[in-house]
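My questions all concern the structure below.
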Amino acid sequence: MTVNSRPAILGQNQYGKAENRVVRITRDGATHHIKDLAVSVSLSGDMAEVHYSGSNANVLPTDTTKNTVFAFAKEHGIESAEQFGIHLARHFVTSQEPIRRARIRIEEYAWERIAAPGADGSGHSFVRKGQETRLAQITYDGSSWEVVSGLKDLTVMNSTDSEFRGYVKDKYTTLPETRDRILATSVCGRWRFNWTGDEQHMPSWEQSYEQVRTHMLRAFAETYSLSLQQTLYQMGARVIENRAEIDEVRLSLPNKHHFLVDLEPFGLKNDNEVYLAADRPYGLIEATVLRDGCEPRIPVDLTNL
Amino acid sequence: MTVNSRPAILGQNQYGKAENRVVRITRDGATHHIKDLAVSVSLSGDMAEVHYSGSNANVLPTDTTKNTVFAFAKEHGIESAEQFGIHLARHFVTSQEPIRRARIRIEEYAWERIAAPGADGSGHSFVRKGQETRLAQITYDGSSWEVVSGLKDLTVMNSTDSEFRGYVKDKYTTLPETRDRILATSVCGRWRFNWTGDEQHMPSWEQSYEQVRTHMLRAFAETYSLSLQQTLYQMGARVIENRAEIDEVRLSLPNKHHFLVDLEPFGLKNDNEVYLAADRPYGLIEATVLRDGCEPRIPVDLTNL
Amino acid sequence: MTVNSRPAILGQNQYGKAENRVVRITRDGATHHIKDLAVSVSLSGDMAEVHYSGSNANVLPTDTTKNTVFAFAKEHGIESAEQFGIHLARHFVTSQEPIRRARIRIEEYAWERIAAPGADGSGHSFVRKGQETRLAQITYDGSSWEVVSGLKDLTVMNSTDSEFRGYVKDKYTTLPETRDRILATSVCGRWRFNWTGDEQHMPSWEQSYEQVRTHMLRAFAETYSLSLQQTLYQMGARVIENRAEIDEVRLSLPNKHHFLVDLEPFGLKNDNEVYLAADRPYGLIEATVLRDGCEPRIPVDLTNL
Amino acid sequence: MTVNSRPAILGQNQYGKAENRVVRITRDGATHHIKDLAVSVSLSGDMAEVHYSGSNANVLPTDTTKNTVFAFAKEHGIESAEQFGIHLARHFVTSQEPIRRARIRIEEYAWERIAAPGADGSGHSFVRKGQETRLAQITYDGSSWEVVSGLKDLTVMNSTDSEFRGYVKDKYTTLPETRDRILATSVCGRWRFNWTGDEQHMPSWEQSYEQVRTHMLRAFAETYSLSLQQTLYQMGARVIENRAEIDEVRLSLPNKHHFLVDLEPFGLKNDNEVYLAADRPYGLIEATVLRDGCEPRIPVDLTNL
């Protein structure tokens, strides 16, 4: 049977082991360091036959990709999520002829030390920070790299300095305008580095992440907001303007509505003091901010991993 | 300030109200019918200014898009998720000049009647089916339509007739080959209709969904599987071959591993009887199956909504 | 150091391995049967020393309790969740002197066959039902048994025949009375059997579960409801009245509010047709229904497992 | 119909509105303060009739209890979760004759300021801490109080100084002993105050919470652990010994297993460096630690709210 005779043709495909939860301990004398990751591997290449006939002759088992993640944590250590993903992606593409592209996605969970003054154990006791989850995606096709870092679940709020006025009114519009509201969102962001080749100087991944996070938080805090779109743009633009290693930022910002509760039926005046935090529905504002002259590559819809 | 002078340029953007939970009751005498949806609206168009300066002059509030969902449930009813999305998308694009594209995403939760023989209440009492969640995405740009339907969380299992052998072994491979394993997955699928214009005959959305679901389940059940990729292809191909209204299927199939438990330390033989169902990590097999000659349009990474 | 000198004394304690996901396949020729459980073991007894000094001399490792679950799935099969729990609880209490009480909690996930007419594979292909999760808790102290079965996440709705009127009004009351509303809830229930000793005739666990579930669904459907409390009582009472093996029912019923949407601003009349399904806050109605003369033993607050 | 003639009798019951998400902003000039709570109300009392006949004559609607939460946030402010719950519980019991007992459960989400040096917005911009969720439960029956505070989802890890040896071995035991393992858990705790009457000096709720949390973290960090039970006892005892206002601590500690990965097949030695973080199954260690002479009152099974 030849491919041409099939009515149903195989298109893009990828496979691998998802969410390998690897924890790497590094010892600096009595002081320990933790890297805590969930690593997902996706491989593509010459894989038509396994789909059409079930032949696994080109298939490196997903179990092997899992083993490789844990072995590489020992062999290479985990300097940063991005660097670890680069080691893995390079390995799969260069060691297996049928594999033409590897994409590594990583979630990173941050830990901080438990402050225990005078305790012997202070060097190896940790509490999970629990704030945002850091993200990294590393893609390699044998010649060029794409690194997209990001974060999710970073929840922020401005309790004033946010308006919403001057919008379109149609027959279904009932929303009153406001000059003072709570603006809250859970930041989900991705940013793409312009590092694409081994011959280029590699960014400092850890420092870059901390700086991007700080710029976004400050832009959120410092923007007097006329709309969440404006705040979003400021957050993205601040990164582009301050971090030369980044060409593109994609942000997905749910508008976590805080409704001012009507207390008049109870003879009370609510002077922007008491709010109901609503779950659903929520506004959802999404946009890409690009360095002038660059092409967008981050998908419009951000996925969870 | 002109756009050209900015280092940071606005790229693709969209906004709207997400997860509007609308329940529509229709009465046929004493017999009631339910449609239970979560509807998410995303609008795009001439929206640069709200991002750059915060001017909302072109912005229909997300609250208005919410109101429209509920008003349309009354005005148009909900014949099917797809038909309802078509009404909404057409409305936003045709009624608001700055809006050039509307995308409506819908989750549908199925209910079945409570069997209560002889009870007066039998016509209006329901229990949620709770199996898969049905999905629909309707996109309209003022001239052509794209309808992608789908489902998620349909968990299936074959307790035999699955092998995994003949794969590549490298230095990190430890997995033994097997001629009899459990094959289980939670089907996440999307399929794109070739209906794109109002002048074309519109598919029967409800019937099409039931048929696609049945074809995928049967393909899963009837395929003697040498790899999950083979099963995936068969599921997609069965749809393409049997449903002329569909040109593209994208499937994302986590391999829900069931590990045969080693009972030998306890003097017991495990003859493919006792399995440990594992959570993470899991294999993840993803592919597109296309009608020959068609272009793929469904994104590689399926999002949750 | 003696116990008496401690300011801090050990109270009730229990330990074990939670959420052992065991899948048991039984073959009846080419026809396979599935039991799919999450089994949690909690053991209590002479365990003061492990808490005070860290001595594990009385501690059967939680890893061993896990192994026992899988070994027993082979040795005893899984006739029902309750019967399986009885085997396990008896084993731990009778085989380990320091263990005085064993409590086994089980979640069961139901599967149904994929209907694939004429297919060879029809006997071993399944789709997960996905409706409620069945629950069982078996406790044994070496002399008497307590079996509490239950379910969670069974979502039901009456689209009419529900009122809410005649309630107390205080200064914080703004809710209007209604003679026609949607009544929807997600049933979380537990019921206790009066089987307590090996010398008694053991109930038919599988049949009992199906019957209890049916009685509760019918009571929900058939009750013209003046309040969710009334419906709750009817659901519990129907079980007590019809199932002699059960002495106590505890129900926790969230009132899944469906708010009638005000469409008047859009010139539309909403004749109980269009509802907004809200997430939070929700009413929560909880009560025990007891066979007259029996003592309550199910805790007031139902836990998730 | 009299109650005596019923085969099915009403037992313990409670009702109210759950998960009212109230956010209270307090202004100190340009500096704002946030309290962010989910408040659940449960009322009990003379409620037989609403269950038996559906009469709501004694029922204060759950909607009214919701309104009261928001009104009280204005009227009384939210000094602490405990103090806010005391206001609410007292109100329901003293203002409604049929209500004999009120229980208020509260989840609190902590926020910290966004550090934005020199920014005007620094006083009203926040990022959610995202670590543990603080809990409070206040119960009042018209004469005496019970306050139980707590936390959940505080994830901690010791990367060494944990052994597990000297345990019971039976025929199902395969676990090897270890002198060096990772000990990690997600702390779920409750602690009961001995403040029970208005005539007593009320504890400083905010300070008490911070101190309890610190004592538990330090006990976790400083205990060389021979078993998780020992660590649990130390965490509870440290609170009892240092906080005179607390008589009882209940802890539920899942043993978040980190398995040392066998890298020998790849020619690598894993010197306690690379671990697989497992999800399920997990050990679950639960115990009460009591002040000597006090009675336990916290239920054995901790519920989620």
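The first chain written gets the first letter, and so on, giving A, B, C and D; residue counts start at 1 in each chain.
The rule is short, and it goes like this: a residue touches a chain if its C-beta (ideal position, glycine included) is under 8 Å from a C-beta of that chain, and two chains touch if they have at least 3 such contacts.
This structure is a prediction, so every number in the text was calculated from the model and none was measured.
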item	value
Homomeric contact chain B-chain C: same or different residue positions, threshold half	same
Angle of the C-alpha superposing rotation, chain A to chain B, to the nearest 5 degrees	180
For chain A paired with chain B, centre-to-centre distance based on mean C-alpha positions, whole Å	23
Geometric centre distance via CA averages, chain C-chain A, whole Å	37
Computed distance of Cα centres, chain C from chain B, in Å	30
Of all residues in chain B, the ones touching two or more other chains	20-21, 67, 71, 172, 174, 265-266, 279-280
For the chain B and chain D complex, residues of the former touching the latter	171-172, 174, 265-266, 279-280
Residues of chain A defined as touching chain B within the complex	4, 6-21, 38, 40, 42, 47, 50-64, 66-68, 71, 95-96, 98, 164-170, 172-175, 225-227, 229-230, 232-233, 236-237, 240-241, 248, 254-255, 280-292, 296, 299-304
Residues of chain B that touch chain C when the two form their complex	20-26, 32, 34, 36, 67, 70-71, 73-75, 111, 114, 116, 119-122, 124-132, 153-161, 182, 217-218, 220-224, 258, 261, 263, 265-266, 268, 270, 272-279
